[in-house]
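Look for subunit A in each of the two complexes below; its partner is subunit B in the first and subunit C in the second.
Take a look at the complex of A and B:
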């Protein structure tokens, strides 16, 4: 192996390593917060000197975190399969007719304010976790559909024609050519969608879905700033962790695309 | 730019291929009409209503009329042509106009005049048909190549008819009863909501533009500012509202001047600060990209014609960037309309008050009274600013 090739490989490995540094750091910080908040009586007492109870104790933070991640995760899985599925369907020849309507529908979804969707979903679905999942799905659909469409439409026509000419079936073209080439753009859409939804999910606490929004609501109602800070801190750290994981994934994807 | 402008609009079906979109929309609509409950009847405000299906709500003639209209829509789409599309648009508008009259018929059949508290709720079928009709209008607008302003006009007309019907004849409708019980409060809340949103958006437009201009001048600022604004977005809106309570309360208590101006822990001040903080990111991002994206060739041509820097900015860069800039204003405003609803939790008033009060009392009609105007407001702003951006695009409509 030539020395410069070796150096390129080594620097590629180095970039791949540093890409995972941030998720690790944010994740560690998140873990420290989850474990440490119940023991940080002193700090929060300093923020709210007049209140007797400064640590949110109704539910342990790791349970709240778990529920929060579950809600966002379920919404993300449904949104991703719906959004990417719809994006693929309307860029095929048979589904072409639906292309304008689907893109309009997705942008309409983001026009609906999550609070209003949440409020309208409650009479139909009842109080609890279900309405917030629906609201998150509607809100998160646009970035995914938009990026899937953009990614698939940006794939060079000549490459597709060449792939067909080599004898690939349309399905093989989709899986082996179009999706891998569009993957970075689609992943960017998923990243936006999930990051927004981590913050938005806190609204669920207003309709009885227990998650990291709980301490915030309790803090606003009882005028206890310490609760609000605890909730906000954990949510922000969760969002930063997830965002940096996506960042690392994107880096890896880019490296793989450029190396092959 | 909105996504749609980047997409190729399909041509009118020349060979007369059936329009699959409209046909599937009408199939779904027909299924909703017959499968879901049309209205619900409740003896009072708290009790869950009893759902009623289409044949009992409108009687058989009414149910058949609705079905015929929907089938007509589907069959017009089977052999598309310009005339057929216009006719289909007429059918959809007729369907929308007939909706409140259907409710009148239903209230005549179902509401016992002896029970003053009895009320008519709008059922799932009604909402689905309404939503799909809107999608139908969007689809027809694209096929006919109409401007964005058209659906706004059509829907304003339809909305006016609905409003008149609700005002004059639909006294048994739950939503109307809920409104009549607190009409002053409602108008106050709408005014408050609009004032909050427009103040926050105007402040963030000014600040956002200034920040974007500074970023273009000082490259280092760009990274710091974007990192900070991105971080702000990860804090949930709920928390940002909450976090501002304490510092502002402290300021109001310790700086008499600020308290006199109206700064306080709860109410408008924290709401406005949080709204502006959230609005800045979309505003700055769009303004910055809008100004950056202007093609260098055009700018060079402008310099070659002898324009100096300031002229070039005002006469070339800004007009060319304006549509994208307006897109930023649109996103910001729509987002602010939703966030202002959350601000009701810290006593800022607005339509969110009804949502959270209604949720607290488990009175879903009241929740609806708060949520529907927010939705309509968001859609109106979205359509209006979208149409404005379209009209301002250099070279006219694509």
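Take a look at the complex of A and C:
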């Protein structure tokens, strides 16, 4: 093996390793905050000197985090299945008539502000977790549908023709050629969708879905800036952790695809 | 054997191929030639049902292609296109082994076959097996494309301008290698190209197409000697036709035994083409060449005057016939 080839391989391994450094760092910071906020009385007292209770204590932060992740997770699983599924369906020959409809519906979903969706959903679905999941789904669908469509449509036509011509079944063309080649673009869409929804999910606190939005809403109502900062800090760190995990996944995918 | 009878293809109301008849015998190398949009690629793609014909009948070994499942049919037919169509996320070895894997060959057989084909196409296994398509030059990528098409040892090979995107030197090299492969493997090949020299060099059945029709078909020599109309004539090179015809004949078919005169100082191997001999005469200002065998020993003589006389005689006898 030539020395420059060796160097390339070593630097590739290095990028693959450093890619996981950020998720680790942000994750550690998140954990420190969850454990440390209840003990940081001094800092938050300095922010709100006139308030007696500066640490949000109604529900422990790790419980709020768990609920938050669950809501975003459920919404993400549904949006990904729906979005990627719809993207695949309308790029098949049988479904191509629905392509304009699906891409317009997905765009429409994002033009509705989540707050409006919540206001409309509560009378129908009642208070609690369900309306916020519906709002997140509608809001997060567009980036996934759009990127799935872009990724699949970007696959070289000649490669698809060749795949068919050598005798791959339509399903094999999808799984062995189209999806692997579109994967980086689809993953970028999922990343955008999930990261936005981690922030948006906080709105759930206004309709009785308890999550990391609780301290923020409680802080606004009681005019307690310390609560707001605690909620916002944990949500921001959660978003950064998840975003950096996606970034690492994308780096890995890119390395595998170009593998140079 | 591939047989097309009265095959047509309409895209909407536009006619791409109009009731063509074509028969490609087993082991024959058939080239479809014509200007862009003449329906030659469409014709090719109807054979492996990438495009479904609108009318007529296509048979493989006497059986209508509709009788085969399209996926199984395509696995039996090798297919090579200009842009190679290699899967960019797969290594060279995996790309070549694609069809055997689809046919569920044992892993050991697939590996052996991939290595055999890489050897056949001049791609050293150690150097290329683990490379990805984007790491290859155009010529190397097309070798992989040909290897993939040959992987499951199909009887039929469809090639759609396979060398169209290569530089002239690589193109000629790959043409020579394809000719060598065909001489050993005797596949039934249908080859689409707009490069007449390529068609004349490789094919033993030449089909000229225009506007979805077959204008003329036959052996390359017969088309060169009797082009049916000005279109075929211009496609075959117009005034250069004589040279193209000369390119199809060997020096040894025109040489005479050594005369009483001293052999010419200019030498040409017996298996060179007559075209190369004529070019040498022009370059070296001579009308005689000494013909030599592989050991560079003179075995005969080639004289310009005799070649011209032969051609006149041939023309005369044809006129009588």
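What we mean here is this: the second predicted complex is superposed on the first by the 257 of 260 C-alpha atoms of A that agree within 3 Å, B and C clash if a C-alpha of one lies under 4 Å from a C-alpha of the other, contacts with A are read in each partner's own complex, and residues count from 1 in each chain.
As a working rule, a residue touches a chain if its C-beta (ideal position, glycine included) is under 8 Å from a C-beta of that chain, and two chains touch if they have at least 3 such contacts.
If you're wondering where the values come from, they're calculated on a predicted model, not measured in any experiment.
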| item | value |
| --- | --- |
| Fit or clash between subunit C and subunit B when superposed on subunit A | fit |
| Subunit A: partner with more touched residues, subunit B or subunit C | B |
| Subunit A-centred angle between subunit C and subunit B, computed on Cα centres after superposition, in steps of 10 ° | 100 |
| Subunit B versus subunit C as contact partner of A:119, first or second or both or neither | first |
| Touched partner set for A:231, first subunit B, second subunit C, both or neither | first |
| Partner chain in contact with A:81 - subunit B first, subunit C second, else both or neither | neither |
| First (subunit B), second (subunit C), both or neither touched by A:219 | first |
| Subunit B versus subunit C as contact partner of A:199, first or second or both or neither | first |
| Nearest Cα pair across subunit B and subunit C, whole Å | 9 |
| Interface residues, subunit A side, partner subunit C - complex | 156, 158-159, 161-169, 172, 176-177, 180-181, 256-260 |
| Parts of subunit C lying in touch with subunit A, wherever the complex brings them together | 48, 50, 71-75, 79, 81, 83-89, 98-99, 102, 132, 134-135, 148-149 |
| Residues of subunit B touching subunit A in the complex | 2-4, 7, 9-10, 19-21, 124, 135, 138-139, 142, 231, 233-243, 245-246, 334-335, 337-339, 341-342, 345-346, 352, 355-356, 358-359, 364, 367-368, 370-372, 374-375, 378-379, 382 |
| Residue ranges of subunit A touching subunit B (in the complex, touch as defined) | 47, 96-101, 103-107, 110-116, 119-120, 122-124, 146, 149, 195-196, 198-203, 205-207, 213, 216-217, 219-220, 223, 225, 228-229, 231-232, 235-236, 239-240, 243 |
